[in-house]
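In the two complexes below, chain A is the common chain; its partner is chain B in one and chain C in the other.
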Partner chain A sequence: MSASRTGGGPLLEVQDVSLAFGGVVALQGVSFDVREHEVRAIIGPNGAGKSSMLNVINGVYHPQRGTVAFKGRRHRRVDPHEAAARGIARTFQNIALFRGMSVLDNLMTGRNLKMKCGVFAQALYLGPARREELEHREKVEAIIDFLEIQHVRRTPVGRLPYGLQKRVELGRALAAEPELLLLDEPMAGMNVEEKQDMSRFILDVNDQMGTTVVLIEHDMGVVMDLSDRVVVLDYGRKIADGTPDEVRRDQSVIDAYLGVAH
Partner chain B sequence: MPEDLPHTFPRLLLHQAKIRPDRPAVREKDLGIWQAWTWAQALEEVRSLACGLAAQGFKRGDRLAVVGDNRPRLYWAMLAAQVLGGVPVPLYQDAVAAELAFVLQDADIGFAVAEDQEQVDKLLENLPQCPQLGCIYFDDPRGLRHYGQGKLTSLDALQALGREHARQHPEFFDAEIAKGRPDDIAVILYTSGTTGSPKGVAQTHAALIATAKVLVAFDGFTEKDEVLCYLPMAWVGDFLYSYAQSFVAGFCLNCPESPETVMTDLREIGPTYYFGPPRVYEAILTQVMIRIEDAGWVKRRMFHAFMGLAKRVGMGILEGKPGVSAIDRLLYRLGGLLVYEPLKNVLGLSRIRVAYTGGEAIGPDLFDFYRSIGVNLKQLYGMTETCVTVSMHASGEVKLETVGKPMPGVDVRIADSGEVLVRSPGVMREYHKRPDATRAAIDAEGFFHTGDAGYFDGEGHLKIIDRAKDVGRLAGGALFAPKYLENKLKFFPYIKEAVCFGDGRDEVCAFINIDMAAIGNWAERRNIAYSGYADLATHTAVCDLIRECVEKVNRDLAGEATLGDSQIRRFLVLHKELDADDGELTRTRKVRRGHIAEKYAPLVDALYSGKPSCFVETQMRFEDGRIGTVSADLSILKAKTYGGADTRKAA
Partner chain C sequence: MQFFFEVLIGGLLAGVMYSLVALGFVLIFKASGVFNFAQGAMVFFAALTTVGFASMGVPFWLAVALALAVMTVLAIATERLVLRPLVNQPQITLFMATIGLSFFIEGIAQLVWGANVRALDLGVTDEPIDWLMDRTGMNVSKFDLVASGIAAGLVAVLAVFFNKTRTGRALRAVADDHQAALAVGISLQRIWVIVWTTAGFVALVTGLLWGARNGVQFALTFLALKALPVLILGGLDSIAGAIVGGLIVGASEKLAEVYLGPHVGGGIESWFPYVLALAFLLVRPEGLFGERRIDRV
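Our next item is the complex of A and B:
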């Protein structure tokens, strides 16, 4: 199945990105690309710079050196809301939802960038605002159906079990109809069944919505099953890049994971 | 009710589409909105499905398997098969692949309609053993894009094919319907089978429609009624009470959005009549009780005070009996305003005219609860082989311990052995491919042998005690009716399942399954930490809680002359939930007592040998088919017995 998915050209190109916080170097000259329609995994031991990499891609951190090109447009400095407007959505390692709001409302916030009517029109629920809201609701309902969370549609997110909250967060990212979806440890802390469900949803998103996915994950089984290509980071450097099989056999990857005498 | 209704389902569809083309026939919640199809639209859907199937080579007498949750197109597919003179065979959607294999082979299934990827996977897994399965159609295309199986087609594609076929052969559909005869087999329903492999019950159009007519007339259903179809399509209850009755009365079937949303959907639809096995009513009540315990002090006090009143006078008011004082009536009104109506509204029971329960005996307190808040809950008795309908409570003649009087047109006789025998228009034609079993079940006079033990009380109400073969005797000679005891135990919200032993033994012992939702909540409120089911089940506080329940049952039993000896002496709380996947329950969730006694033989021995505890290790099957083991050290617990049970034993 992977062969059919990875035909596209590069959607995202990361070139020679370096990022440091004071004296702490998080990323050093990292380059890789993400092709259209693929599932790209970023793996590496703790503190390897994986989350920093995602934060650079969607503009939370600004690298001191290097560029990120999305859809052929190269730039050094991009802010998170610009990244979102261009079609990059993400989920977080620690769930970041509005806990007191219902699942439905949380997903509706994901449509925020697509809403055109002003606050005034929305508050008065004028004709155009009403039509717009219905349209957004339809999109959101499709996502609810897709992620099979109909039964908790009206439940406040804070009352949901962890695995479902993760699913809702994915839903909110999808609500923005992104071209590139960044998932930061989508399966952390889940049990086997929840992981299976989540894997299926990620594959379905990739397959049916045609969304390109970049994901960080620790469960190697999941990574090897899901991804078309894998980037391996260690101490902020890229140490390997290739298909799951290539990466699995790579000596430097084995050393990084198992440790080696220096 | 016009007596000249047509006698096959396809003709009934034409009839309904003609006399009420614009009334809703089916509703389904999709993307958060209820979508409705009128009878006229339903007819077109069925036409395209039937013509599509015909174009694919479906012939008269062919069988079409239908597997999935209650979806409009699955119902229509059944009807499409009937239009073509074929036989739909609905299958249990939660059965694992291996269980489907038997039915696929036994019913010689050539065509199948599956709801989604999950069901398609199970059918494909069975292809090697079932080469005759040539065409599989699916409703929901999700995840199936890359399957590329030559045998797989979407229902959309099938319907497109059918519309084309109908354009070319405009007469075909009506001509096929005209060929159908009332004594054709309309459906084969597989019984879950407490013992042995399932048997296919073949029912004719005439039997089903005659029975549905009786039922519709009995409680006066009209096109304005609403029902939520949430029970498995493979169960006769759904086939008769949803499918068949809607064709006779012309009312609307409502399909829930997903199995998890049933409670919400129930509330949104507000059905006017409702049918469910006792466990459904039990689950609802358990939920209510949990939430009340969590509610604030004022609400809790109010609930308990008014429920006390309802228990005292509610049933009298529902049945219109005299002797309820004016003050009580006024208070009950107030209770309706403050408690009963809001409660019914939350449960989706506000508009209920009549609710049925059947399939198993219902706990008295459970039954009273619903009736006392004004839900006209009635018991009925029947089985797949008799189109369910044998006897039913008439409104105003409800007696909890009985299953009512025989329905019009139904002949009930009690054999010398105590077995209940039934003759009615709804008795099945035969067991599919099992002439031996058919001969054993239906005698020369046409009476069906139910296998249940029962008797008529003084007012002509039928009372069922247990399965004829399960009713046993204690070593002392006293009557032992295990199901009766189990049902008493199961009424407690904390007890999910119970299995009692005692036949041929000196005394009665029991296995108890805790209800994880109820006990989990109970434990949380008491700050009892636990890591999972097994941990919670073996906790001493939980064991004490269950002991209290068992002792209450014992106190009750002490008051009953015939069953005083059946008080439970010792019991244990099982470390795993009894599950159909492990063969411990049937698919309709009835305990398979014999199988459990065999599987847990060391535990049964421990109960009777008086050991203080017993170590046990059990295999269990996970939902993905893998097998794991759970182990625990179970304590054998003693329960107090009451009221000189021993003296009676001596006598």
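Our next item is the complex of A and C:
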């Protein structure tokens, strides 16, 4: 992991975020930043609030306290489709693809925000609308090539094996050409080979497209290999923040993962 | 045999008209999971608005365009005032809201345009097609054929819209998974307006065709009931299902009337589709083309 990749300023700043569902506290005063062009991991035991954190960043949940600033702009309340419009794309822990639609169509929905033709032009299928479709098809085909899923382009996503579905979901997020990519357990339930493929794709995305990545992952080996810096959450609080090596040696992290005698 | 085909063709053509009504339901159900009880009222309102403008001396095509504009305003108002405040409520709540909406639309339609039955002339008469009559002796109505042609055209346009355009893809995406749709930047509110406008457009076409046949009158709202067996047969969330369901209902009710009717005293046309739908519910509750829902426990 070269240090040069982490040279940029903060793209995302999470400040003092607290989130509760009724009496259940999911996040408590969590602050961290994500620098431009880095791979940032969020780790922690089950129920630590990792997914809640991602959901706050892309506006699925609205925190009771604290702010999230993206590209230096603070927003009090962001909805998911607004977050997408600002350049935040994501994948889900339990794959959330459009199961009835083909791989190609799934990726095309990712380009939704980039397309400009009005509803009326589309309804009549006028020339500009058709040209626009073709133009975006090319971009999508490039992503399909990149992820090596040419052979299933026309297959309905629901029929694909799990590992490929994960890859399609990454593809749909990439189709939006995001500045910030949120990945919620991109390698959950995969075998070693699939994990290696996925790691390679994530690193390539980060390198070639310059996309900043925030990912949640359980596999420690993967996290240590992929990420530039790691945030550790436990019971909704941040207990450590630093490079993989620093985090690995941190006593509170070891306690959280292995348990500690009281 | 020739008589059989005559009945069958008549039934299929009538079935296309049922498909149109069902199509309006399917569009809204697919995208928002709402069973829109007000679809019948929308059919009535759209037809009455067109005829109303036309009777004020507005040219017919302009009247149609104005009615479409009114249906668009209705769709926007429905999203703002009915759907948005009820977001995340149980389906039954939304269903009840659409019942309320149907009373409101029926009321306002008659308040603005009056409660009289009005005639609507599309310039096509309900007469047998001469050359078909001469050649084969079969009695096929000119009006039915034109109506079917219009319906087929409408379905073709919708199919292209749904499959080839960004908005169509967004509509299918919303129907598939709300959460994922939001994450790729699709605004649910915008999609709902588009869906309700499209359903309004379908209601307008339906209203004009049915209105031309039976007169533009309050009874058009009961078309919603005629759509029920079509929806049960075809599946609530499938456009193909609405079409096939409509054809089955149309053909079976006419054939049943002609071949079964005499044995049981006749007049079975009006209730046969419901019995068929009931029987079908026992075998395949999700309909022919509907999505099978598997609940994991």
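What we mean here is this: the second predicted complex is superposed on the first by the 261 of 262 C-alpha atoms of A that agree within 3 Å, B and C clash if a C-alpha of one lies under 4 Å from a C-alpha of the other, contacts with A are read in each partner's own complex, and residues count from 1 in each chain.
Convention: contacts are C-beta pairs under 8 Å (C-beta built on N, C-alpha and C of every residue); 3 or more make two chains touch, one makes a residue touch a chain.
Just so we're clear, the structure is a prediction, and the values are computed from it rather than from any experiment.
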Please determine, from the superposition on chain A, whether chain B and chain C clash or fit.
fit
Determine, under the contact definition given at the top, whether A:Asp145 touches first (chain B), second (chain C), both, or neither.
first
Which holds for A:Leu97: it touches chain B only (first), chain C only (second), both, or neither?
second
Once the structures are superposed on A, label A:Arg153 by its partner contacts, choosing first (chain B), second (chain C), both or neither.
first
Looking at chain A, which partner touches more of its residues: chain C or chain B?
C
For the overlay on chain A, what angle lies at chain A between chain B and chain C, C-alpha centres, nearest 10°?
90
For A:Ala89, select first, second, both or neither according to whether it touches chain B, chain C, the two together, or no partner.
second
Check the residue A:Pro80 against both partner chains and state whether it touches chain B (first), chain C (second), both, or neither.
second
Let me test your reading of the model: by the given contact rule, A:Gly110 touches which partner, first (chain B), second (chain C), both or neither?
second
Should A:Gln208 be classified as contacting the first partner (chain B), the second (chain C), both, or neither?
first
Looking at A:Glu193, would you say it contacts chain B, chain C, both, or neither? Reply first, second, both or neither.
first
With the superposition applied, I'd like the minimum CA-CA separation between chain B and chain C in Å.
16
In chain A, both chain B and chain C touch residues none
Write out the stretch or stretches of chain A touching chain C in their complex.
58, 60, 79-81, 84-85, 89-90, 92, 96-101, 105, 108-113, 115, 117, 119, 122-123, 125, 129, 132-133, 172-173, 176
Complex contacts: residues of chain A adjacent to chain B
1, 4, 137-138, 141-142, 144-146, 148, 150-151, 153-154, 193, 196, 200, 204, 207-208
Spell out the part of chain B that touches chain A in their complex, as residue ranges.
30-33, 142-143, 145-146, 257-258, 260-261, 264, 623-624
Show which residues of chain C lie in contact with chain A when the two form their complex.
157, 160-161, 164-170, 172-173, 176-177, 179-188, 194, 291
